[in-house]
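Below you'll find the structures, each written out as structure tokens.
Both complexes below contain subunit A, partnered by subunit B and then by subunit C.
Moving on to the complex of A and B:
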């Protein structure tokens, strides 16, 4: 098992190199540059050309890539053109905010949605099942930004239950417990939106998975043993039904660091999602590349975690 | 008069489907004496398995339902019991072995745990006390290296070993009634013989009654004291094992006996019963077997015969064994 994990980790290196080349090429293929907006439009063209020449803007792509890669290997991910700050500093400042949101909403949605899915499956075609299905349908088909706007309109604007956006009340100067409550209060709406949307797929997934498992022969055996219906469902069926749910969980885990771009943007949440969105708009090359690389590492690690979890959940799966 | 372990009276088990409802088991009566083996034979889809699931209270819900009848187990009507009361009987006083050993064990739990679960449920044992008993049970059903097997998962065992585990599980509480639904069908012949031998030994040791369901007449000859021949949800013939092979009465029983592979001589074509089991939605008006019966008469196509006692231990459902007068009265 350990050998397998190490081999998988080593295999990630060439994948990451490939990913970085693709990202690097793609972002440079996009039209526009990060500098035009920063320069006084009255500057003579030759001067601009000269400056761009000096900072290496006209270097061929392979040269640029090599320069970036050799620095990245030493841990230097460059300077953000827009924020005039090291990329690493910006990302470390933002990543906590995103983790707060994504970990909480993912945990909430799994903890709520999987049991709901199981109940829905065991009571197939009951009122509960229909209501849950309708909500799941809404959750699946509503776009995140639209649902977020609806929530802002009703819960924040009309009912004034939550603040509309941001992470803290600006200029409040809260500290200690009051600051904590302020952040929690700001967090609630985005967490509600994110978990509702994620719940939908977790619920449908666990429902169909349980329905599949409950037809199996070993469930009939479990009943024939005289086990209570609770044990049959939550011990014998659930353990098997969770195996496919791991796939969904790992794909969600892959995006835990990159944040929900749309939801964060709508709520002006100072996390990775808004950062990636803005850095792409600004053509902030170092920041885009660093954050997308982080996202790829996260996805690769999540896939590895999923494979390890498969082996833990299902004794038939063994890696050598 | 022997003690009756199981008495079934007029059992009717139906299914609702999108194409309409039908009765998979249509008025079945039988009795099993203590320590005796009753075999049920018949083609696929004739209601054998549904009969056994009805006894266990495991008819697939919500489409399956028992619409009438009595299932008396040691004098108690199982159909009147609540789900909780049934759970106390299942796996404890009535146990069941299924046809497919490959899929009947839960793939994610260790063998030891799957046996221990039954002991925990019915004998209120602690998990730690169960292990030696599980090993003992596995030893009894002839599994090699039982102390290793309890720590293994089902996928590490062969089909025959898994079926032995199923038998060990079924026997863990010394049941009064063991229902074996084609327990040897999925096994190869040598393992089949071992498993049958094992069940015989256990029957002798614990005075367990066995309801043995199969479509293999050879296995019936080996195991059963009494035999029930079923077709399209109904009992066609009921007698003791010897009589069934020596003087079969029903044309269906005869046809089954004639189609046994061991009766075919080299170079001859196998004898089969023409046609198919009728669809439950398209049951013939008369006897269900009439369309395939070589000896069918006019009355067979018009009216269903009742089960008629020919002697004290031989009943048959066929118009041939009614006198002309009786036939006329019925038309």
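Moving on to the complex of A and C:
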């Protein structure tokens, strides 16, 4: 097992190098230089040229990449052009907000969707199953940002139940419990949107997984022993049926971090998604590269975690 | 006992389509899909307005008998633009899926059939692409290439081939050990002919299922990118850039007819495609059922 983990971690290295090369070249292929907005237009051209020369703007791409990579390895991810501060500082400030949103919505959707999926499976082809299936399809098909817009229009603008955007009421000066409530109030709509959309796949996944397990021989044996249906499903079937859900859980970690870009943007939530979107628009290259790499590492680690948890939960799976 | 003439032998495809016809949700999806495709194709016959005709005296009109879905900020008829926008959004879905299927099938069959180093390299490329957060990279590339309909198609196609490559490769791995492939090889067919004539026809089912669901993905990424202003460029209407009207707080609150209809169409299209794709999966390829 340890050998397997180490091998997987080593395999991550070439993949990460590949990812960084692709992102790095893509960004440097973009026309125009991002510094022009920073420079006083009255500066003589020669001076600008000199400065650009000094910071390595005219270096060939491989040289630039090596410079960036060797600095990144020591934890120096560069300096944001727009915010005028180290990229690491900006990311650490923002990532908490995104984690808050994603962890909460992920937990909420699992807690609601998995039981619904199990009930749906035990009552296959019933009315409940039919309605749950249709809801799951709606959740899978509704574009997140459109759903978010509808929520803002009807619940925030028309009914005034929630604030429209942001994370806090600007200029309110709330502290303590008032501040907490204010943030929670702002958080509700994005959490509703994100969890409703994720519930769909969790529900479908746990439903089909239970259906698959129920067909197996050992379940028939359990029934033949005369156990009640409840005991069969919840004691015997559920344990095995939930294993694939672990995989989905870990893989949706990666999705949630990047898939929330549009949702965060629509709600102006000050998280990673909004940060990345704005830094792309601002051509804040160091920030774009660092956050993209960070998300890619998260996705890779989440996939590895999924495989490890899978093996821990199911002794039948052996990695070599 | 005489054999009844009506009991003809059925090909796997016929059996599959018989099964599909019994799936109510899939048929609903298929019908909806046909309706929207038809009204987008015949858009000029269904509306008397010009797509880009500006009428600034009548901007932001509410829905009325004259303008079924009102008018936008330049006084253009929303209903007309919605019909024409369908052409754009649906073609983005189709073209991007075709690109994804083409790349996925070529790389998947090559890797699966030849194995060894080629397979290793291809699978590493798949790994790299799979850990890209899709929408994030799509935005980066769209911002670099600039907004245009072709770029949306290419981005969504190039980022979407990994899933199909994996499935195709897995299918090929098991197929290539079968006797009929060995026979073809013994007959002296070269590997290209074996792949095209003997392997691909046998893995059409998962390819069709995946391609169907891929169209939904194409439509969704068009909507997302155009909503952010990185996709189809106005004045060409697409459902995504019509949704971008909601970027303005005023339109979001007051002019619902500008953004709710295109959003609903995107939703209904994706829903129908998901219904149909799920039905196709059950009907054509029971193995794929999760």
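FYI, the second predicted complex is superposed on the first by the 288 of 320 C-alpha atoms of A that agree within 3 Å, B and C clash if a C-alpha of one lies under 4 Å from a C-alpha of the other, contacts with A are read in each partner's own complex, and residues count from 1 in each chain.
We adopt the following convention: a contact is a pair of C-beta atoms (placed from the backbone, for glycine too) under 8 Å apart; a residue touches a chain by one contact, two chains touch by 3 or more.
Please read these numbers as outputs of a predicted model, since none were measured by experiment.
*Asks:* Of the partners subunit B and subunit C, which touch A:222 in the superposed model: first, second, both, neither?
*Replies:* Only subunit B is touched by A:222; subunit C is not.
*Asks:* Once chain A of both complexes is superposed, is A:120 in touch with subunit B (first), subunit C (second), both, or neither?
*Replies:* The answer is neither, since A:120 touches no partner chain.
*Asks:* For A:239, select first, second, both or neither according to whether it touches subunit B, subunit C, the two together, or no partner.
*Replies:* Only subunit B is touched by A:239; subunit C is not.
*Asks:* In the superposed arrangement, does A:314 touch subunit B (first), subunit C (second), both or neither?
*Replies:* first
*Asks:* So, A:198: does it touch subunit B (first), subunit C (second), both, or neither?
*Replies:* It touches nothing on subunit B or subunit C.
*Asks:* Is subunit A touched at more residues by subunit B or by subunit C?
*Replies:* The partner making contact with more of subunit A's residues is C.
*Asks:* Could you list which residues of subunit A make contact with subunit B in one structure and with subunit C in the other?
*Replies:* Looking at subunit A, the two contact sets are disjoint.
*Asks:* Show me the residue ranges of subunit C that touch subunit A in the complex, using the header's touch definition.
*Replies:* For subunit C paired with subunit A, touching residues are 25, 124-125, 127-128, 130-137, 139-141, 143-144, 216, 220, 223-224, 227-228, 243, 246, 249, 252-253, 256, 259-260, 263, 266-267, 270-271, 274-275, 278, 289-290.
*Asks:* Under the definition above, what is the set of subunit B residues touching subunit A in their complex?
*Replies:* 56, 58, 83-84, 87-92, 95-96, 98, 100, 103-109, 117-118, 121-122, 153, 155, 166, 169
*Asks:* Of all residues in subunit A, which touch subunit B in the complex?
*Replies:* 216-218, 220-229, 231, 236, 239-240, 313-316
*Asks:* Using the touch rule from the top, collect the residues of subunit A that touch subunit C in their complex.
*Replies:* Against subunit C, subunit A makes touches at 14-15, 18-19, 22-23, 26-27, 29-30, 137-138, 140-143, 145-146, 149-150, 152-153, 157, 164, 204-205, 208, 254-255, 257-259, 261-262, 265, 276-277, 280-281, 288, 292, 295-296, 299-300, 303.
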